[in-house]
Structure formats: C-alpha cells, structure tokens
Amino acid sequence: MATITQQALSKLAGIFAREVPFNRVLGLEFRDLDPEKCVLSFKMKDELVGNFVTGVLHGGVISAALDMAGGTMAAVSVMHSNPLTHITELGRKLARLSTIDIRVDYLQPGRGEEYFATATMLRTGSRVAVVRMELRNETDTLIAVATGTYMVA
Amino acid sequence: MATITQQALSKLAGIFAREVPFNRVLGLEFRDLDPEKCVLSFKMKDELVGNFVTGVLHGGVISAALDMAGGTMAAVSVMHSNPLTHITELGRKLARLSTIDIRVDYLQPGRGEEYFATATMLRTGSRVAVVRMELRNETDTLIAVATGTYMVA
Amino acid sequence: MATITQQALSKLAGIFAREVPFNRVLGLEFRDLDPEKCVLSFKMKDELVGNFVTGVLHGGVISAALDMAGGTMAAVSVMHSNPLTHITELGRKLARLSTIDIRVDYLQPGRGEEYFATATMLRTGSRVAVVRMELRNETDTLIAVATGTYMVA
Amino acid sequence: MATITQQALSKLAGIFAREVPFNRVLGLEFRDLDPEKCVLSFKMKDELVGNFVTGVLHGGVISAALDMAGGTMAAVSVMHSNPLTHITELGRKLARLSTIDIRVDYLQPGRGEEYFATATMLRTGSRVAVVRMELRNETDTLIAVATGTYMVA
C-alpha cells in the first residue's frame, strides 16, 4: 500500500507554519507529524499574555493552538487516506477542511517558557474526524485538554 | 439596592482592552457592557487570517473573541453581585476569574469586515457562571456560537 | 418545490416514539415537528429520579431527552432536503443518522411535573447538522441547554 | 494523614446503585472505586436499545452511564479531600454534588454484551472537578468518550 511520505508531511507543516498568518502571530512550530500524533510548539512571549496581573497565557491562545494541532492531525489523516491523490487535488481537500466544533477544558493556569500542543485521533472516517488534544509546558504540566470535530470530506 | 455604575463598567472595559496584551493583538473593542449582555467587536485584518486560500478568519481568533466576551460577561456579573465591594478587592476577585471550559461551534466561514461577539448569561451563581456567546459579522451572519463555564468565586 | 407533508412527519414521530425501546422507558412524546423546530415532552415519574434526597430528574434523562429532540430535528431536516426520496430509501438514511457529539449544560435542578425538550437548527448541510436544544418544565423554567452535532449524510 | 476507607467507598457505591431509581433502570453496577479511577458496568438489554433497525445502544444510555461514572469519581474525590468529615455532613455534601456540563463524543455504534464506563480525574479543586470518561464494551472497543465538569463545593 502506498503511504504518505515524511517529505510530504514536512511540506504540509511548512505551508501551515509559514502561510497561515495567525499561526505566525502565535509563533507555532510543527515538531512532529505522523499518522498517530501531531505535536506543535510555541514559546511564551508578551503578546500572548491574557491576565496582566498574573502574566499567564490567554485562553484564546490555548484554544487556537489546540485547534491548530487538531486540524493538522485531521489533515494528516486526510493525506493518509488519500495516498495516491495528486498534490493539487490534495491541496483542494485540505483547503476545505474545517473545524465543526471544539471543547477546551482549562485545567491549570498557562505558565511556562514553552508550550506543546499534542493531538491524537479518536475517530476517523470519510467525512468527520474526532481528535483529542492536550497542552503541556516544558515541565510537562498538563494545562488544558480539548476534543475537536473536523469536517474532512 | 446599590448597583454597579456605568462608569465602573467602562473602567473595566478600558482595562481589559488596554492591559490584556493578546486582546490588543486581536484588536478587541468593548462596545456594550450591561448586566444582561456584553458586546465586543474587532475588525478583519491580515494577521487574523486562518486559511490563506480562502482568506477566512482563524478559528482560534473566533474562540478567543468569544471566550473574552464570555469572561467579560462573567466579570460584569461578579461586579453586579458585589456592588459595595471596594475596587481593590473587586480587582482581586476579577484577577481570579477564569474559564473552566468552553465549547465553540463553527457554523459559517468567518468572512466580513467587522465582527461582533455577544455574550448573555445562562446561569449565574456564587461560584460558577455559564455564558452563551455568538459571533456575527457586519451583515449579521451568524458565524459561530459558544457556551462557556467560568469560575467566579 | 415538493415539501415534506405533515403526515410524513407524524409517521416519523410515531415510529420514533413506539419503536425506540429506550424512548418508551423515558415516556417521550412528540408534540411538534416542523422544519424549524421539534418539541418532545415527558412526564416526571419515579424511575427518572437521579437524586433520591432531592427527588430531581437524573442528568442522564435530561441528556437523553435533549439528544432525542436534536436527533429528531436532524431527521426532519434530512426529510426536508430529500422531499422526493422514496420512503424505503429515506428509512435507510434515517437509520444511518447518528449523534457525533453533544454538550449539555445543566442550569437548574430538574424539578417539575412535565418537561419539554425543544430543538432548533443552527447549521444544516449535506453531511452534518448542528442543533441547539433546551429543556423547560411546565412553568417554563429553563433547566438545561445543549448543542448537538449529527451525521446526516 | 487520614484516608477514606475502602469500606466507606463500597457503602457509597451501594447507595448510588440501589437508591438512585434511574441507575436501576440502566442496571448500573459499581465495579471499582478508588481515588484515581471509577468503573461502572451495565449489561445490554432490550430497554436500552436506541436504534430499532441496528439494535445499538441509545445515545442517552451512553451519556447517562458516563455522567454517572464522572459524578461518582467527583464524589470519591470529595470523600478523599474530607477524610475526617462525619458521615452525615459528607452525605449533605454529596447530595449537593451536581453536573455543571458534560460533552460526549460518540465514536462507534454501541454494540456488545456488556459495557464499562471508566472515569479518571483531570482537575480537582475545592469547588469544581473536571473528569474524563470513556465507554468500552466487553471486547474493549472504545464506543464513546466524555468530559464532565462537576460542582463539588
């Protein structure tokens, strides 16, 4: 069976990181993309602070990073289930990929130097993908968890 | 009964808009704050784009704006239930206010010139507030809805 | 344009109420089914109690009734978008209809003699429907709200 | 440090299983209750069927069982953080325990002979507990996952 190459996945990551304007605002980097798991990271910086008293990460940054990790996992899933699809058609499919809904649970204040958003597949199908995500800091503290449903058809 | 003044609410809005770094990134403005409803707005700009093919708003921007509207509604609720509390103590209470969880449903692609995030209370108590939010554009298209649970104790 | 008849909708309601065993356990009745809104009702009875100290409705009964109202709304939506489909094929489509996810917010303890679960469409498409639901008692107290995502393809 | 005894936990399980009427409808049994994890089980039976064509479990049964597992986990957490509290006062605390919100993701049709609802703590505090739940059948197929937020104060 043909499988998606690591090269194609790296290309996908590069496009997402460079070409999505808001991902540049967040400073998202793609660390690991494989059929089972996607990991994104970003560093703490002043613009991402939500609470000026405590200096913790803005909840919106957390949900944005988790949604991006989930959407990327769904995209990788689309690529894997379409291994022989031409890159142009694949691009069209990926451009149509969208978040249907997401739930984020904030467990601990977002403190740390660097954050890691990890996504794993819960359910994959021809139309909908359900993905579980979590955000940890550099000391592995679990800051937030999320579940997202994505349209992948 | 003592009630919170419009002046105090405007002060709250000013602090949130100016002092929360990530809100400045999003360009959030506070349009309407009253005991029943909070309305925030922000204008489309290049940094907020999520899909470089279609140019629509990043899902993370949508959830951040909705969470901010919900959190502000919860803060206004705290102020209303503590009308005689000194501003310093009130500030302490508001600094502890946090999102427990949020669910966002993305209904339409985020297209438009300007967006309005509206929040209304679903449940208010001494410890937890549940808030409903929605995002519309300048033509009143419903783009997303959300429900958030906030710790207000 | 051909539209679904009220007779067909009543038939659907009859099948759902009689043939779904767990709906008989709950005592669900279909009160109103139209393209915009679905209303189900059920009466309080001993088996539905969740808290034996306070005698309130079990949270699982609330979520089951809300999910049923949402799923019915999605089914009515499928029927409306397939007005010329033969009843056999329609039955096949409806048998495949399923809940992808649901979020329920419990706002007030479930007290009352009779409960009304109302569903309205938030988003409808060829593959996924997003429905908003609420549960009220006979005095119109809002007990719970929910949002459900349904596979309708 | 005083800790809650296994005897007290068994007593709690017995009360929940016998005295909550709707739990008897579902046939819920408490299999494992410890500070880290709660496991409930129930057997397939005709009344629990949701789809009369395919014979699968009603979604409402799934969410009810998951909510019960989550609420029990939260109750065990309350008992553990109040090891010296008199049983009467503890009973009062537990009677006030309530679900704030729950999200359920349905991953696979509910097929099987017996089902196991497992709950683990995500966040525990003096006022709110966040619990993760999953439902598997006797062949360990993952049927649904959920996250619930509970008021424990």
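Note that the chains take the letters A, B, C and D in the order they are written out, and that residue 1 is the start of every chain.
FYI, a contact is a pair of C-beta atoms (placed from the backbone, for glycine too) under 8 Å apart; a residue touches a chain by one contact, two chains touch by 3 or more.
Here the structure is a predicted model, which means the values were calculated and not measured.
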Common touching chains of chain D and chain A: B, C
Contact-richer chain pair [A-C vs A-B]: A-B
Whole-Å gap between the CA centroids of chain A and chain C: 33
Euclidean distance of C-alpha centroids - chain A vs chain B, Å: 24
Multi-partner residues of chain A (at least 2 other chains): 100-101, 103, 105, 130, 147, 149
In the complex, chain B residues that touch chain A: 19-26, 46-54, 58-61, 63-65, 67-68, 71, 91, 95, 98-106, 109
Chain B - residues contacting chain C, complex: 103, 105, 107-108, 122-123, 130, 132, 142, 145, 147, 149
Chain C residues touching chain A - in the complex, by the definition given at the top: 100-101, 103, 127-128, 130, 147, 149, 151, 153
